[in-house]
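So that you can tell them apart, the chains are marked A, B, C, D, E and F in the order they are listed, and the count of residues begins at 1 in each.
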Amino acid sequence: MPVCVTNIARPSAETLARYEGAEVATIHEAQGRKGLLASYMRPIYRPACISGTAITASVAPGDNWMLHVAVEQCQPGDILVVATTSPCEDGYFGDLLATSLKARGVRGLIIDAGVRDIATLTEMGFPVWSKAIFAQGTVKNTVGNVNIPVICAGQHINPGDIIVADDDGVVVVRREEADSVADSADQRVDNETAKRERLAAGELGLDIYNMRPRLKEVGLIYVDQKDL
Amino acid sequence: MPVCVTNIARPSAETLARYEGAEVATIHEAQGRKGLLASYMRPIYRPACISGTAITASVAPGDNWMLHVAVEQCQPGDILVVATTSPCEDGYFGDLLATSLKARGVRGLIIDAGVRDIATLTEMGFPVWSKAIFAQGTVKNTVGNVNIPVICAGQHINPGDIIVADDDGVVVVRREEADSVADSADQRVDNETAKRERLAAGELGLDIYNMRPRLKEVGLIYVDQKDL
Amino acid sequence: MPVCVTNIARPSAETLARYEGAEVATIHEAQGRKGLLASYMRPIYRPACISGTAITASVAPGDNWMLHVAVEQCQPGDILVVATTSPCEDGYFGDLLATSLKARGVRGLIIDAGVRDIATLTEMGFPVWSKAIFAQGTVKNTVGNVNIPVICAGQHINPGDIIVADDDGVVVVRREEADSVADSADQRVDNETAKRERLAAGELGLDIYNMRPRLKEVGLIYVDQKDL
Amino acid sequence: MPVCVTNIARPSAETLARYEGAEVATIHEAQGRKGLLASYMRPIYRPACISGTAITASVAPGDNWMLHVAVEQCQPGDILVVATTSPCEDGYFGDLLATSLKARGVRGLIIDAGVRDIATLTEMGFPVWSKAIFAQGTVKNTVGNVNIPVICAGQHINPGDIIVADDDGVVVVRREEADSVADSADQRVDNETAKRERLAAGELGLDIYNMRPRLKEVGLIYVDQKDL
Amino acid sequence: MPVCVTNIARPSAETLARYEGAEVATIHEAQGRKGLLASYMRPIYRPACISGTAITASVAPGDNWMLHVAVEQCQPGDILVVATTSPCEDGYFGDLLATSLKARGVRGLIIDAGVRDIATLTEMGFPVWSKAIFAQGTVKNTVGNVNIPVICAGQHINPGDIIVADDDGVVVVRREEADSVADSADQRVDNETAKRERLAAGELGLDIYNMRPRLKEVGLIYVDQKDL
Amino acid sequence: MPVCVTNIARPSAETLARYEGAEVATIHEAQGRKGLLASYMRPIYRPACISGTAITASVAPGDNWMLHVAVEQCQPGDILVVATTSPCEDGYFGDLLATSLKARGVRGLIIDAGVRDIATLTEMGFPVWSKAIFAQGTVKNTVGNVNIPVICAGQHINPGDIIVADDDGVVVVRREEADSVADSADQRVDNETAKRERLAAGELGLDIYNMRPRLKEVGLIYVDQKDL
């Protein structure tokens, strides 16, 4: 039975605000190296960096009907996440749907399928991460689901989860873990800033991370090329 | 027997003019969702948007000899379309051939293989859609055909057909259907402009396209998350 | 037994200087169409064009420990070349390692795996050619080798070889052949400049390369479309 | 924190028995076209057809340590399901692990990575569905998780779910839905048997499914080729 | 306007008979190295070797409705050829449709998409060449076309053309060229039989094909390894 | 300058004999997890298991001329290894060349490209490991090299190296290391036989390899599902 779930629980505005400008690699590390979507998900233009609340849609191959249902469920600060029930590279999404989403304050689209009108989307500044760029049209015959848990590019995504996307790709954070992950990310950023300065000054990672003893332990040998 | 067909029938200048600035997705829809080349055909730089008359070349894998024969058949407003007789990603085409085509008024290259010198091609403003970017050189040993029908990236292309290419990919329009497709495309553009304004104003596609009754008919249920 | 080879033989500064601004396609042709890395090696931003001396690292899948060992072996003018012992697309390298390499005067990274933090790397102007862009993190558990011969993207690369990389991809030149290849490349550039002018003036490759007799010999027939 | 969950809830013996000899395509249809693993999951030999209870393992790329932990959690009637935390094609599994699993009554392996020793596995009659066949060895350095929910080849799989695998691929059935899906599958099999006989007798699907009126409605036209 | 073309022109029984047992590689060579479908088209079981007349169907992604329309157009000696309007790997075809086709004397299926129930198809001895094996189901919503020219796995195929398929892949022969291609194929087989005997007796291809003078001409040098 | 190296140094008959029946996974481990060709190299039929001395050929894309030169360099116990100078899937090799190689006592073919006539090769019992099966023909225009070092499917292979190939894939062993690798392989086989018996008797790898203390050390926790 096809369903559209309404009034989903969202992270608080305070929590969402902590993800502004967050980087995918940092968040991925901060939550223990999980939640990354497959590397084939690429932004249609660069640089692009967004975060927001997932509204999910599960669609049939070659059929974008449900996207219109999903649009109505979107609020400012949301990101639309689209998964297909069978692999498909068709162009489900173009500038008209982007205009509609933008009018509702949606921050971007994550779609495990194709997108089109990318020149116009780029001009509009509406960011999309997709599996393909393909002008191939879709139909509006088959009903699907909105705001159910989906698997998108290899990751389980629930409506209300937080999505972070940048030039490196896309990562999902569980709503319940959003604050603790943000805490870890903040610590990580601070830590990296300090290390970056030392590295820029010419100090070596071998010394900063104290790697030399362990390298000796595992048997790494230094040999001058002239002695080979 | 290898052949080079000369003096091919081309669309009229008036017809070609109707395709200036045309978008691939629009043309694809306007002609009933057909004619799109495979999604692996990508532009070497963006934005890029061209249309013109197809001059076709069928070449052996790793052999670009026939491109030189094809150049001579090109006129201002043409687009060179290259298909290989076996899959190949070698770099058939670089800045010298581009200089030659540009001198003849050719608008771009569509090649189901590789291309090289793309930094120079980008500086020259000579657009190419290709399957690969690869510096791998080719030889000039095997004769092929010019201006015969070819299959390029999954589409049948005749010499004299119209090619439209932009950031979304490449589409072919049969010469005989060029005016009727242009008519449909014009209508489509007008129609989309009106819809874009309504969507930008916040109206929903669900209402503009009157989708609610049919969604009810196919059984879509709206459920508040709190009631799950 | 894991090894890090130190004090590798490098090309002379004079030799290296001859490769400044060299193009991959030209070098590939100049050395007899060899040495090209696979076409999946793409720059993270464009345009990008570097040359330098290869420092090589062989790393386990999903483990970037050895990169820190490799950093210490790098000098100004070097390029770090990373190969994995099993195919892997993880993000071995990000902005911290780039900061460290930049501090040592390294010109760029060639990695047959994934890279992350590409927005920051782009801002820093630190060029990378990689198989993938992927935020997936790596660990530091398994020791590998530095400055041994590696196979990277299908090519054998020795420490001390010359790497040239641009928008077309990456090519390796053996250190022992570096001067003779540079000679051939210089001749080739001169030769192409002359041809480019003739082609720009409208002369045909068919005539410049005197192809017409041989085309006749192999049986190419010219047929007017009206006579088909 | 790495975890191994013990004493997972399993389907009853009666429920499992209903899946003996079940076909993947039938089960997939019976549960509303969901639960199919990606088509790259192929059996190492054919024919092969198994069903059983999922024991799940989440492993690091190139590291098969956790498989040994998972073995201990297996009982007769189980199927080991292995997912990697990053894409990997290494050969995690060979004849020694198969010997161990077979000794515990395990029916087969589903692994979103590589497998090796397939000649011996074939002789042993131990079926495996994998993404790759690759002799590349793995290490035992990184701890993972056993019997947590995993995403394997694009599907969410919980420990205790039912796995059905045959020459067509692999499908997962939620433990809670196992009986109702078995009911639907039984009906489907009965229904197909009747249809198969009519089709074998020469009756057409067009008539059996009463498709002609609807084809007329959507405008399908029959034209004799001589009238084109 | 969707169309089903009836009463297509077929090759004569005499012509078809000449293709019994023909091999794909031989036919491909006999017609000048053209007509081969892409190498991703693989048989579901081996050995398999068929030839027959193409009945073509063009179907929407994920929709197999038109296959039922196509079945009615099939006669003994036909082969069903299915192309999709957008790339798709779903399982359009299973044992019920195979039962129906077999009842009509159809010799096999060529489908640029997925197939399922392959264990049963193998038992039935109904051969299929496909892009994928995938249990993913399809719907019956969208009308398509039967017996129009299609592009299947990169080749243009007309209804009434001859299809030859074996363990190497699939090749298409134009109906109008069927007799002349059969003539060339017969000559080729005779020629190869003679050569096979000489090669089996230890004679070298270098001598049989008189390659030594030309190898000398292009500069091949023989060097004893001891003299390197 | 194209070259064919003659009278290459081969391993002794005694050394070669030690590799009879050797398994790829065992040899790969025995030499420290190196030397494996890419996982896309698959046997055309199974089971297949060979070992022998590499004769190498480097060929142009789509051109099999050099294979005839290579045949003459082959002796009983050799295996022909073919690499292309640019990626290519054409069918370089069929039953005529196999007949010729078989007449010379060659044990099989390793080719980083396509092969054809596989039904006949299977009947002949001539094993081939290839990247593709494709009937696409090749020409004989471009000279290459025989018995020079090549890179085949990602591995460096010298003429005279030992090749081992089975259902798992292909591995290369340096000629100089052949005896020491055989020693390690023998030890490994003995070791595995003992372990196989213990595992078959139901003993766990956790105990045989004494993994429990280290798992505790890295923090693995066992939790009963009822306590979650």
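Just so it is clear, a residue touches a chain if its C-beta (ideal position, glycine included) is under 8 Å from a C-beta of that chain, and two chains touch if they have at least 3 such contacts.
All figures in this text were calculated on a predicted structure; none of them were measured in a lab.
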Worksheet item: Which contact partners do subunit B and subunit F have in common?
Response: C, E
Worksheet item: Shared interface numbers for subunit A and subunit D above half of all numbers used, same, or below, different?
Response: same
Worksheet entry | Identified repeat of the C-F interface (over half of residue pairs identical), from B-E, B-F or D-F | B-E
Response to the item:
Whole-angstrom distance, CA centroid of subunit B to CA centroid of subunit D, is 40
Worksheet item: Can you give the whole-Å distance between the Cα centres of subunit D and subunit E?
Response: 30
Worksheet, complete the sentence: Distance between the CA centroids of subunit C and subunit D (whole Å) is 42
Practice prompt. At least two other chains touched by the same residue of subunit D: list those residues.
Written response: 33, 39, 87, 89, 136
Practice prompt. All pairs of touching chains, please: list them by chain label.
Written response: A-B, A-C, A-D, A-E, B-C, B-E, B-F, C-D, C-F, D-E, D-F, E-F
Worksheet item: Can you list the residues on subunit F that touch subunit B in the complex?
Response: 60-62, 86-90, 136, 139, 141-142
Response to the item:
Per the touch rule above, subunit C residues touching subunit B in the complex are 23-25, 28-29, 33, 36, 39, 42, 46-47, 49, 166-169, 171, 192, 195-196, 199-202, 204-206, 209, 211, 215, 218-226, 228
Discussion item. Help me check something: in the complex, which residues belonging to subunit D touch subunit F?
Written reply: 1-9, 65, 68-69, 71-72, 89, 91, 94-97, 99-100, 102-104, 114, 116-119, 122, 132-137, 140, 143, 147, 159
Worksheet item: Inside the complex, what are the residues of subunit B that reach subunit E?
Response: 33-34, 38-39, 85, 87, 149, 151, 154-156
